[in-house]
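Alright, structures below, take your time with them.
Across the two complexes that follow, chain A remains constant while its partner is chain B and subsequently chain C.
And now, the complex of A and B:
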């Protein structure tokens, strides 16, 4: 833990990530306007003192929308990563621990999921549900779990062969006990890194969905980039600022993941 | 040592299938253990020795049902055949039979403190349900293996190999087993530490009235701790004898070769050594007849055709045609001149 707090990547990435979460939580306080408030005097107004990040085609304040958008984007990122990690953990543990037929069936499921182009599969699941944040969350989770499942399965297969697992079996420990107390504590590190490293991907995918019109109807970074794309020549700031926010988030979580990878490098010996 | 049989193993066989192709067709078997029979009496230490890959580790794991799918019979005290029990029924015996592992580095969970590692079996068997009693028991166990309370909250990586092995022993002792299967418990340790651990195991045996199945490839270690020794070759026992007899009058050519291979700590001693040639044959296709005949300096006519059986010759049990009266007259002169194993043909 101490080592983690001294690692520059974790400090920087974690610091920025915490700041971003604070912005998301405090959006109503920080944002100078409501995200949907229309300023009839200012369509596509460039950055100025009254609108720091400018306004969009309807005269909405881009700064406020970026602040509010962080709620959707970060919220989707964190929930989908967590939920898909949970599915991946269950599938990966079952698959890696039991092997054999269980593994065969579950891995074909993973293969099928991974065989489709990522965004295509996400869109086709998303359209089943009424458009909204939930559709984005569920469709992303139902696709992203496969990567986690494969990663965790490999790790479980390594740990399963360790002699402390055999020792636990010699003591009559049940499978659930072994997985919970021996397998997961010794294979969670790559999963945690997977979680952070992919958070950016989840947010970008949400952006992609919004860009394609199946995303969240509320202000989200992806949706804003999409809105601004139509007027990139006359009002680049509409896309630029949510794009920067997205890039900053992805960078922060990737740094955090890199740092965790360094720190969590399991001390086997 | 009294005469009560604690563990009896009869015609134990474990063949591992070799699968090939998409559908996992079984194309062959590795005959890791191929008909092993022995008894361990209460308070006895039985040494099980042999080269790497001869199946000795598999014997230990099959007895404890850590490897399933073996044939034959394993009885503990007056139990049913352990090989027929479900894993659930087997749990009742897991408290009475324990195991110590070869590699002290991988036998302890790196993320568990020593205290929680030792108390894990207690939790599983719901012994000492109170936390303070469990802690007391852990300290007691640590002290009995030469460690102490101060080690309770440390992690395995803070210990040396020898200390880790002590922790492994304490963990095995926690459930008060009657027999411990020690699977090469010292071969991963420095020579100076080996003696400490072997002596510790002998002390614990007297203190707690344990029996051991001591698996090792180092005959000098086995000699030190065992009452009787079984020598394994390619999944079978080729010679079985009380320790003293085995070392003074080894009968099987393989045993002789193993004993001759032990280095003598005297540079001037010129010992006649006949080292074994060649490698252990592939256990997928063990040689016909006596499985040792491909490397045996004493081989003669029936060896590559007829399989010898373990038969009592004096105090030993040997599986070798040299001692079979049926072939007395057919042993060629040249072989007899090779300084035959003592007792042959007599």
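And now, the complex of A and C:
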């Protein structure tokens, strides 16, 4: 823990991440305007004192929209990663612990998911649901679990052969107990690294969906970048600021993941 | 070796069947009636039915699926609902554009990434090394579509050096910006991989031996170190190339590039299932084929690897 708190990547990435979560939580207090407040007299105004990040085609305040957009990005990022880790944990444990036919079938499912073009599979699932945050969440989760399943499976297969697991089994411990008591605690480090490292990817994918017009209709960074793309010549700030926020967020989580990998590296133990 | 290739190809079959099956049924789960999309909103019920009949959309789903598989086995990807042209023809027409973009991106990424990584590895922990790694991290974290817009704004709109978007006359001037935007993510990965692989190799005994017997430093680096570090680097290059092919959707949209990526987005919005399914299958097959090629190339580059 001490080692973690001294790692520059964790300090920097973690600090920015905490600040971002604060912005997301306090968006209604921090944002000077409502994100959807239209002011047609003030469209495409450049950055100024009353609108720090300028305004968009409908005169909406870009700063307020960026602040509110952090809710979509972080919300989707955290929920998708957690849910896909949960699916991956279940599939990985079943696959690694039981082996045999269960493993064969589940691993083919993982192979198929990974063989799909990532973004296209996400879009194909997202368009099934009514456009919104839920569609983005479910489609990303149903694609991202495969990586976690593969990781957890490998971890389970190592732990399964350890002597204390054999001992537990000899004492008559049930499979469920062994998974819960021995296998999951031993997989927490790679799982945490996986969760953090992919957070940026999930946030980026969410923005990509919004940019392509199949994401959430609320103020989101990808959607704002797309709005601004139409007016790049006259109002570059409409795309610039949400993009900066997006890149900063992804960078923070990548640094954090990188730092955690350094500190928790399983190979070094 | 031959039996290894055969076994790998055999393994690909069920994966591709899974891809086809999932993309077929995902398409049918999506709301919206393709017959209506084709006929237009003002079409009468009869017109819609005629179209549904013509494309077999009125048949039970299981029958449609089996028909699709049967045709697929004969190499027939079906007709586009929108343009009524064979899907294979559309893919053949659009794919070269995507391939060109991917090749350009790969070229930019390898040129910048490998040389940055090499320089970093030769001077580890110097200011240059640290700066390069920070820039690499920034590159990974920048969304490709936003970077594309930034490049477009600064290089094309402000400086007027290159055309902002489109394919134009097919000249290299039109390729540069989209290729850089798409390639940047891998520049970062490649620089880091090159650095790590080189540092790993530099510790090996055989480099000590090479130096001891008096080989020139340049020869040690290129002939002894880089040749061995190239193997893990190659994995990244190949994996990225596969992802460029299917992941060019965003870049193609930003730069109005007429490739397969921008076409499949159009197909998705039009519920043009044959085009969606055919393109997804094509991309997945490419992905698996490239992975197989990389594994084979390994054995070629590193004779220590034996296929079983």
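Criterion: the second predicted complex is superposed on the first by the 265 of 269 C-alpha atoms of A that agree within 3 Å, B and C clash if a C-alpha of one lies under 4 Å from a C-alpha of the other, contacts with A are read in each partner's own complex, and residues count from 1 in each chain.
To be clear about the criterion, a contact is a pair of C-beta atoms (placed from the backbone, for glycine too) under 8 Å apart; a residue touches a chain by one contact, two chains touch by 3 or more.
Just so it is clear, the structure is predicted and the values come from calculations on it, not from any experiment.
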**Prompt:** Should the superposition on chain A be reported as showing a clash between chain B and chain C, or a fit?
**Reply:** fit
**Request:** For A:182, select first, second, both or neither according to whether it touches chain B, chain C, the two together, or no partner.
**Result:** first
**Item:** Residue contacts with chain A in the superposition, chain B compared against chain C
**Value:** C
**Message:** Is A:8 touching anything from chain B or chain C once the two structures are fitted on A? First, second, both or neither.
**Reply:** neither
**Message:** I want to verify one number. Taking the Cα centroids, what angle sits at chain A between chain B and chain C, in steps of 10 degrees?
**Reply:** 90
**Request:** State whether A:250 touches chain B only (first), chain C only (second), both chains, or neither.
**Result:** second
**Request:** Kindly classify A:239 by the partners it touches after superposition: chain B alone (first), chain C alone (second), both, or neither?
**Result:** second
**Message:** So in the superposed three-chain picture, is A:217 touching just chain B, just chain C, both, or none of them (first/second/both/neither)?
**Reply:** neither
**Message:** Quick check for you: in the superposed arrangement, does A:112 touch first (chain B), second (chain C), both or neither?
**Reply:** second
**Request:** Have a look at where A:28 lands relative to chain B and chain C in the superposition and call it first, second, both or neither.
**Result:** neither
**Prompt:** Least CA distance chain B-chain C after superposition, rounded to whole Å?
**Reply:** 8
**Item:** Residues of chain A at both interfaces, chain B in one complex, chain C in the other
**Value:** none
**Request:** Would you mind writing out the residues of chain A in touch with chain B in their complex?
**Result:** 162-164, 166-173, 177, 181-182, 185-186, 266-269
**Complete:** chain C partner, complex, touching residues on chain A are 108-109, 111-112, 115-121, 123-125, 127-128, 200, 204, 207-208, 211-212, 214, 222, 225, 228-229, 232-233, 236, 239-240, 243, 246-248, 250-251, 254-255, 258
**Asked** Residues of chain C touching chain A in their complex?
**Response** 14-16, 18-19, 22-23, 26-27, 29-31, 137-138, 140-143, 145-146, 149-150, 152-153, 157, 243, 246-247, 249-250, 253-254, 264-265, 268, 276, 279-280, 283-284, 287-288
**Item:** For the chain B and chain A complex, residues of the former touching the latter
**Value:** 61, 64, 66, 90-91, 94-95, 98-99, 101-103, 105-112, 117, 120-121, 124-125, 157, 168, 171, 175
